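Each of the next two complexes has subunit A plus one other chain: subunit B in the first, subunit C in the second.
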Partner chain A sequence: MFEAIAFYLFAALTIVMFTITVMTSQALYALTAMAAGMIFISAFFFLLGADFLGVIQIIVYTGAVMALYAFGMMFFDTTRNVVEKGTNPQIVFVLGVLAAVMVVTIFVAPIVSNNIQALYPIQENIGNSQAVGMVLFTKYLVPFELAAVMLLVAMIGGIVLAGKKMDKSLTLMKEEEIGGLDEGFEPEAGGH
Partner chain B sequence: MAITLTHYLVLASVLFVIGLIGVMRRKNLLMLFFATEILLNATNIAFAAISHYIGDLSGQMFAFFIIAIAASEVAIGLGLLIVWYKRTGKIDLDQMNSMRG
Partner chain C sequence: MDVAFIIETIAKIVVILLIFSALAGLGTYFERKVLAFMQRRLGPMHVGPFGLLQVAADGIKLFTKEDIIPQNVVKPIFKIAPIITAATAFMASAAIPFWPQFTVFGYTVHPIVADINVGILYVLAIMAIGLYGPLLGGMASANKWSLISAARSAAIFISYEVITGLALLAPLMMVGSLSLIDINNYQAGGITHWIVWSQPVAFVLFWIAAFAETGRTPFHLVANDHEIIDGFGTEYSGMRWGMFFIGEYANMFFISFVISIVFLGGFGDGTIAGAIQLLLKVSFFFFFFLWTRAAWPDIRPDQLMWLCWKVLMPIAVLNVVGTGIVMMF
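Up next, the complex of A and B:
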């Protein structure tokens, strides 16, 4: 009973928050509504017994990703209303529903046909974090290391792209300035 | 009234529809990134729910890797977006045609 109440409450809250994110014309409203929606999504993970995933959801999404977006939005003009494409809303809705049905079919087909086995079954006597650690550092060690390398690459890429002190960054110059770099041409710092 | 796997899959598909609608109707690239985050979160819910009802931890593992991918996507995408905004002053999708694609 408690689970049903929690599920419906958080489902309604999440849907409302994400609808605000998608439909609003104010960038700041979209940002805050999405931060709230991420927190509400972690409630589903706690309901499903995936405690570690719920904590990671809160830390990574509302801690890191949202902070990064808020930092990035300082560069943009967020007070201006966001202009949308003039697409037909019915076409958009039909296409969205069709794609979602396709995704659900992909997920449900192995379950319906009973063509699925629990490779790493959840054991009763150990906690979720311990079980996740045991599976992650044995069976999924190589993807884990690859994800670490990917995050490092992403970090370096983010620093190089948005770095402040890199006046001679190739990404900030016009094409002519990059061409004139060899002849000792000094480009002006700061683009816009 | 027990909550079954179907409930969670319906919720995930509803969130996925919301995200797809956002991807299709937004022109501002920052708003487009928000919509992709919603898409990734919808699949995360489906993975965690299936992991719980099948009794298998693999679903949670894939959800972890999706979160890692989302974090790197935000870092790189936002960096590119800042560079583009500094160069042109706009982040509209329709004006990104410098490669004449």
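Up next, the complex of A and C:
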């Protein structure tokens, strides 16, 4: 009974949160609803007995949405509504039809795949994190390592793009020195 | 589901909530007394014996104050932000074993709400959500100081989460489990089995990161009085402001429990002596939070980032690699 109550509660909460994310024109509402929705999704992992994945869902998405907040802070005045430009009606139509088809597929899928089988069911004597580790480092080793390499590439790219003049501290400089630095940042003058 | 189990769980939740919200209030009293002692002042002394009832006076003041919502704020977010900080602090405590199991009238009580097998990850994840309180409060207030505070809280969160995770990885590799009870039992053999002796670097790193996660001096940048007034709390009044404090002090207690259990043996073999030792360790770490506040100045945001990415993170990574090499051979 508790599982059913929890499932329907969190299902409703998740849907409401993501609806707010899509419908609102307030950047702060959208971001907060998205963070809440992502955290509510972890409840389904907990209900299914996948504690490890549930906690990882929370850790990953609180951090990821926090980064989005940083962008929101830079691009918008978050206490005001964002005024969108008029959008192309054809694009709205195509996206709307695609979304409708997707929702129908999601609702029909359980009927079609009644014979679904768990490839790696939860075992009593092996912990959650061990089970994930075993699958990750045997069957899915190559995708896992590829993802690691891609993240490394992204990290190095980020450092190279953002790391110019990193040895100078803007906080410790005087006004005139910072002015001089700005000219140095021109690509032609800097020679980077 | 077993009725006794439900009643027991609800009772545990209520007891933890009552004890730690009272402790959070008393924590402010201890903080003022310790700071006063170190700065040669008297601290609170007029209300009740030794000023002990100052906590009650502050509580009455906060509860009866007008709940002001300023005009240009984003109202729902502004109202919900303090609740996030306070609620997540207590939610995090669900996986912390506060005391070894004991028997009352033939009924064994486990003083932990939910012994999930990813306990430590759960505690840290929920504590991390607590930082959404300052972030949302700061962004929803139509105030520049609050916005700066929100930006700092996002930066601290993203940076120091890395240190916490990497510092914990090395001891967790040795224990081979994420449950706080397993971690405690790994060190049950006495003081020589404590993880702090085999992982001193991880201990120091985690301790430093704990200061950043709870936002205490010297990493008190989110509400640094002399630069940004009260940061995210500038626009708040009454109990909403008080909830930020309850969350902060409860977090200080819970992170002290986590440090004591992971690195300093926790409650040991589960005897009464071990349980009292655990409380003493927690008290020491809580006192240390107050001690640094009296003794250290706050550092600048760029120094904080420098410390995180250029000093602590490489050390943490080297520590993990070193632990792995030692465990392999």
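Note that in this section the second predicted complex is superposed on the first by the 103 of 192 C-alpha atoms of A that agree within 3 Å, B and C clash if a C-alpha of one lies under 4 Å from a C-alpha of the other, contacts with A are read in each partner's own complex, and residues count from 1 in each chain.
To be clear about the criterion, a residue touches a chain if its C-beta (ideal position, glycine included) is under 8 Å from a C-beta of that chain, and two chains touch if they have at least 3 such contacts.
Just so you know, these numbers come straight off a predicted model, no measurement behind them.
Within the superposed three-chain model, A:73 lies in touch with subunit B and with subunit C [touch as defined at top]. Annotation for subunit A, partner touching more residues between subunit B and subunit C: B. Contacts of A:26 after superposition: subunit C is touched, whereas subunit B is not reached. Of the two partner chains, subunit B is the only one that A:158 touches; subunit C does not reach it. Looking at the shared chain after the overlay, A:55 reaches subunit C, while subunit B stays out of its contact range. Judged by the touch definition given at the top, the superposed model places A:90 against neither subunit B nor subunit C.
In the superposition on chain A, contact is made by A:45 with subunit B only, not with subunit C.
When both complexes are overlaid on chain A, the residue A:138 reaches neither subunit B nor subunit C. On subunit A, the surface touched by subunit B in one complex and the surface touched by subunit C in the other have residues 1, 52, 56, 69, 72-73, 171 in common. By the touch criterion stated above, subunit B contacts subunit A in their complex at residues 1-3, 5, 7-9, 11-22, 24-28, 30-31, 33-35, 37-38, 41, 43-46, 48-52, 54-58, 60-61, 63-65, 67-76, 78-83, 85-89, 91-92, 94. Looking at the complex, you find that subunit A touches subunit B at residues 1, 3-4, 7, 11, 14-15, 18-19, 21-22, 27, 30-31, 34, 37-38, 41, 44-45, 47-50, 52-53, 56-57, 60-61, 64-65, 68-69, 72-73, 75-76, 82-85, 87, 89, 92-93, 95-97, 99-101, 103-104, 107-108, 111, 116-122, 131-132, 135-136, 140, 143, 147, 150-151, 153-155, 157-158, 160-162, 171-172, 174, 190-192. Subunit A meets subunit C in the complex at residues 1-2, 26, 28-29, 32, 35, 39, 51-52, 55-56, 58-59, 62-63, 66-67, 69-70, 72-73, 78-79, 127-129, 169-171. In the complex of the two chains, the subunit C residues touching subunit A come out as 1, 72-74, 76-77, 116-118, 121-122, 124-126, 128-129, 131-132, 135-136, 139-140, 142, 147, 150-151, 154-155, 157-158, 161, 177-178, 300, 302.
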